[in-house]
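Next come two complexes, and both contain chain A; in the first it sits with chain B, in the second with chain C.
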Partner chain A sequence: MKHWWWKLLGVLLLLGASVAALRVPLSPALVHVEPGRIAPGPVELTLTGYNTHFAQEGVKVFLENGGERLCATEVQVLSPTLVQARFDVPEGLRDHLSNVVVVDVTHGRLAIPGAVFTTGTGDGSGVESCAETLADAAPVKTFTFPNRNILYESIRNLCFHVPMWFAMIVLMAISVWKSVRALGSNDLDDDRAALHAVQVGLLFCGMGLVTGSIWARATWGTWWTNDVKLNGSAVTALIYLAYLVLRGSVQDPHKRARLAGIYNIFAFALLVMFLFVVPRLNAVDSLHPANGGNDGFGDLDLDDRLRTVFYPACMGWILMATWMYDLRLRAARLQERLER
Partner chain B sequence: MKKLLTSLPAALVGMPLWAQAPGWVEDSLYRSGKINAVVVVVAVILVGLAVWMFRMDRRITAMERDRAKGS
Partner chain C sequence: MAELRWPCRGNASTDRGRVRPTFAPVDFREIASLLRLELALDLRQRAAWGGMLLYVVSAVYVSFLAVKGGLGTATWNALYWIILLFAAFNALARSFQREEGGRQLYLYTLAHPRNVVLARALYNTVVMAVLSLLSLVCYLLFMGPEPLGGADVPQFLLAVVLGGTGMAAVLTLIAAIAARAGNGLGLMAILGFPIVLPMLLAVMRASKLALDGVAWSVNATYFGALLLLHLITITLAWLLFPYLWRD
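And then the complex of A and B:
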């Protein structure tokens, strides 16, 4: 086998990263508070945790409202993931929305921002109960992924969906490089390499679109939306499909190589525009992370746990994609030799 | 190749039309911390790779047949 070491490296990176991406637990978090509306008077809140291990003792619950803390009068741990807290809500809470916060020794501080809504606001309750007793506990450090509301377990898709696009971009970059070489050398083999890089790149583009669509359904509630990033990626796919159509419409191989080579340079420039420049302009809004002024996953990943899995996954997929392109190109060369 | 060329744009254009997925698909995507969204994504990638492998296999089989005929 030719150059087997980088292929083995690709497989090992992919294997390790995929197992980690599926197996690393999410960090504990509060995911649900019931009811979502409170009024002055006695209130009982039920808090649902995810991957939490609430102990019977030492769990404290409070509401944060306009800089004030309102502590639960009674906390009952029903199960490691279920806590009931009773409050005497005073008149005059400052803000409509309160954060619900749980503090204990194992988890430190868990919170849902703006989880409960209060009708009617005042100048503050004047309550400062328990503020000093709640020294923030230090959580036990384990290797976990960030647990973010809306995303939850689907955060693992970062290590599958995003590398598809990275692999595609690398293949399209290989393709444009081969095209430039073909234009300079008039060598049909360079042109063939450009074609096969685009074909494998389109496979990854297709998988990126479909996986993105599934992820969108689970997080944004729709398979497709007129988002600048989504439309940009769809247009990119169409641009490269048009590259194949253009090739199919020219009979003479040398003429085809020149035309396709020039088109490919424009196609790559448009790819960079549609995937990286336009969605990042401050003038546009986007749902997609890291676009239209949104936070990327780097901002969630405070302790670099996601990165240690995400980077090997990207590297592994890029190497696999390059290997696939290599196989495809070698097969095409053999085919030509057979046809001669 | 032709089939692929015609089916891909159709899939792109048709994407918003899938919005009415059956209820059980919706439910299973949201249940238990949305882990099924990950399962489906991984499945799609594996299916994509499998399709590619089959096409590659067909290509090589055709070459083998040509060679058998030639010699």
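And then the complex of A and C:
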């Protein structure tokens, strides 16, 4: 138990977090409103929900526009995920964009901000607010993931994509630490450790690129795009591939250890700057969360329930990566002893 | 060479195979004499400078023939940086290849490696500052100065010089590693390209913004980041070079 408790912990965390990340349902949300453009006069909106359970009774629908609320004159629940609402849209709404809101006892308040475009704006409609009839119902508490209108089910990828990069950074940091030691001690074993940390780190870099690419396809509509964060990750992969090429081109093991160690330290220091400092400059535009003045996941999407899965997933992947590195290093040591 | 003292002042000390470079304070007199040495060697080998300039002129002329004018500002800017990138690799790759065999050992006994790398980085910085401006003149001559019409010219020149010297700062240590690995320009391109790439993207953007004539405050972030990059890379080279130099 002394030496392998952390491996057991890693396996348990990884299994638990991965199952939870794939199985926990998304919270109910409105995903679509038809039509997207309305004009003053009678209007019929069809609202589509995801994971919703609208009951026949007690569903209220209203539009929010410039501080005013406009209630539906008639609401018809067609199915647990489909609601039809009729409105008498008055002249003179303040804003062009209206929020569509559904309130009922099961879900509380569900909304799509700025879902419909309204023509014929003015200084307010003057209709009587129906707010007092819509005391916000508390939703039923269940363990669900946030349902964001551009991410939907792909939010589960957070528990796979991000831990890959965390695991890679941890391995590269181990590698730099070993390289610093190798430069000081001239010990070839430290150099070997640095090499194997880089190799396992590159595996996680590759998995991070693949999961990120799939996610980008789902949310941004492209497998790859010109973005600081993406360029940074491509540069990371290139740097460590170059590290392997450098090792391959030097024959003398001590010289190889020194040259590779110097390149490793130099590259890692610049990498930290390119990956974590430059993308956060406000002068840089980025699609990626937490870059170029964007909000990170923590601000919008990472609620407490997702956190309870995300943090164990990170921990689990990091422990798994460290274990893989440990196994590879020990195998390499045995291999060398056999060859000697 | 009279100012360089002998023997082995401040070189790495060996204690049962452990290398411990001493943290001697930066010796400006030694750096000055090393710089004089670099300059004297380069003046003796004028062909080296001629080669660098001819490389730039050929690259610009090939682009001129291929493009036949009429470039938009963005492409004009990108093409200039691509030419300068390859010119930089070509110019800096030779910076450590002079030290072969005996010469390196001789220099090793005379000067502290940290002063050697500082002098070399400084010299490369000056070379790249001159080379980037000369390339710009040559580029303007062939490709036309139209994009400079709406530009903030001092800002653009600052971006050009900071970009060129930034490449020198980053590539000095890389050139040393590649030369020690005995695999000159080929290995240098592989090792250096991914490290230069993010800097190149930032400086391309900064110079594009300068060509569009934005206010200084907009570009200040980029210039700050580039100066920080200079500082970091030269510090790292200063720290790491003694380990590289030992055999």
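Quick note on the criterion: the second predicted complex is superposed on the first by the 333 of 340 C-alpha atoms of A that agree within 3 Å, B and C clash if a C-alpha of one lies under 4 Å from a C-alpha of the other, contacts with A are read in each partner's own complex, and residues count from 1 in each chain.
Convention: contacts are C-beta pairs under 8 Å (C-beta built on N, C-alpha and C of every residue); 3 or more make two chains touch, one makes a residue touch a chain.
Predicted model, so just to flag it, every value in this text is computed and none were measured.
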| item | value |
| --- | --- |
| Superposed partners chain B and chain C on chain A - clash or fit | fit |
| Which superposed partner A:Arg217 touches (first chain B, second chain C, both, neither) | first |
| Partner chain in contact with A:Asn186 - chain B first, chain C second, else both or neither | second |
| Chain B, chain C and vertex chain A (Cα centres) - angle in steps of 10° | 70 |
| First (chain B), second (chain C), both or neither touched by A:Leu327 | first |
| Partner chain(s) touched by A:Leu259 [first = chain B, second = chain C, both, neither] | second |
| Which superposed partner A:Leu238 touches (first chain B, second chain C, both, neither) | both |
| Partner chain(s) touched by A:Val250 [first = chain B, second = chain C, both, neither] | second |
| Chain C versus chain B, contacts on chain A by residue | B |
| Which superposed partner A:Leu203 touches (first chain B, second chain C, both, neither) | first |
| Contacts of A:Leu270 with chain B and chain C, given as first, second, both or neither | second |
| Which superposed partner A:Leu151 touches (first chain B, second chain C, both, neither) | first |
| Where chain B and chain C come nearest after superposition, their Cα distance in Å | 11 |
| On chain A, the residue positions that both chain B and chain C contact, one per complex | 238, 245 |
| Interfacial residue positions of chain C with respect to chain A in the complex | 17-20, 170, 173-174, 177, 180-183, 187, 190-191, 193-195, 197-198, 201-202, 218, 221-222, 225, 228-229, 232-233, 236-237, 240, 243-244, 246-247 |
| List of chain B residues in touch with chain A within their complex | 1, 5, 8-9, 11-12, 15-16, 18-19, 21, 26, 29-30, 32-38, 40-42, 44-45, 48, 52, 56, 59-60, 62-63, 66-67, 70 |
| Residue ranges of chain A in contact with chain B within the complex | 18, 22, 26, 31, 50, 151-154, 156-157, 160-161, 164, 200, 202-203, 206-207, 209-211, 213-215, 217-219, 222-224, 234, 237-238, 241, 244-245, 248, 324, 327-328, 331, 334-335, 338-339 |
| Of all residues in chain A, those that touch chain C in their complex | 183-186, 228, 231-232, 235, 238-239, 242, 245-246, 249-250, 255, 258-259, 261-263, 265-267, 269-270, 273-274, 277-278, 281-283 |
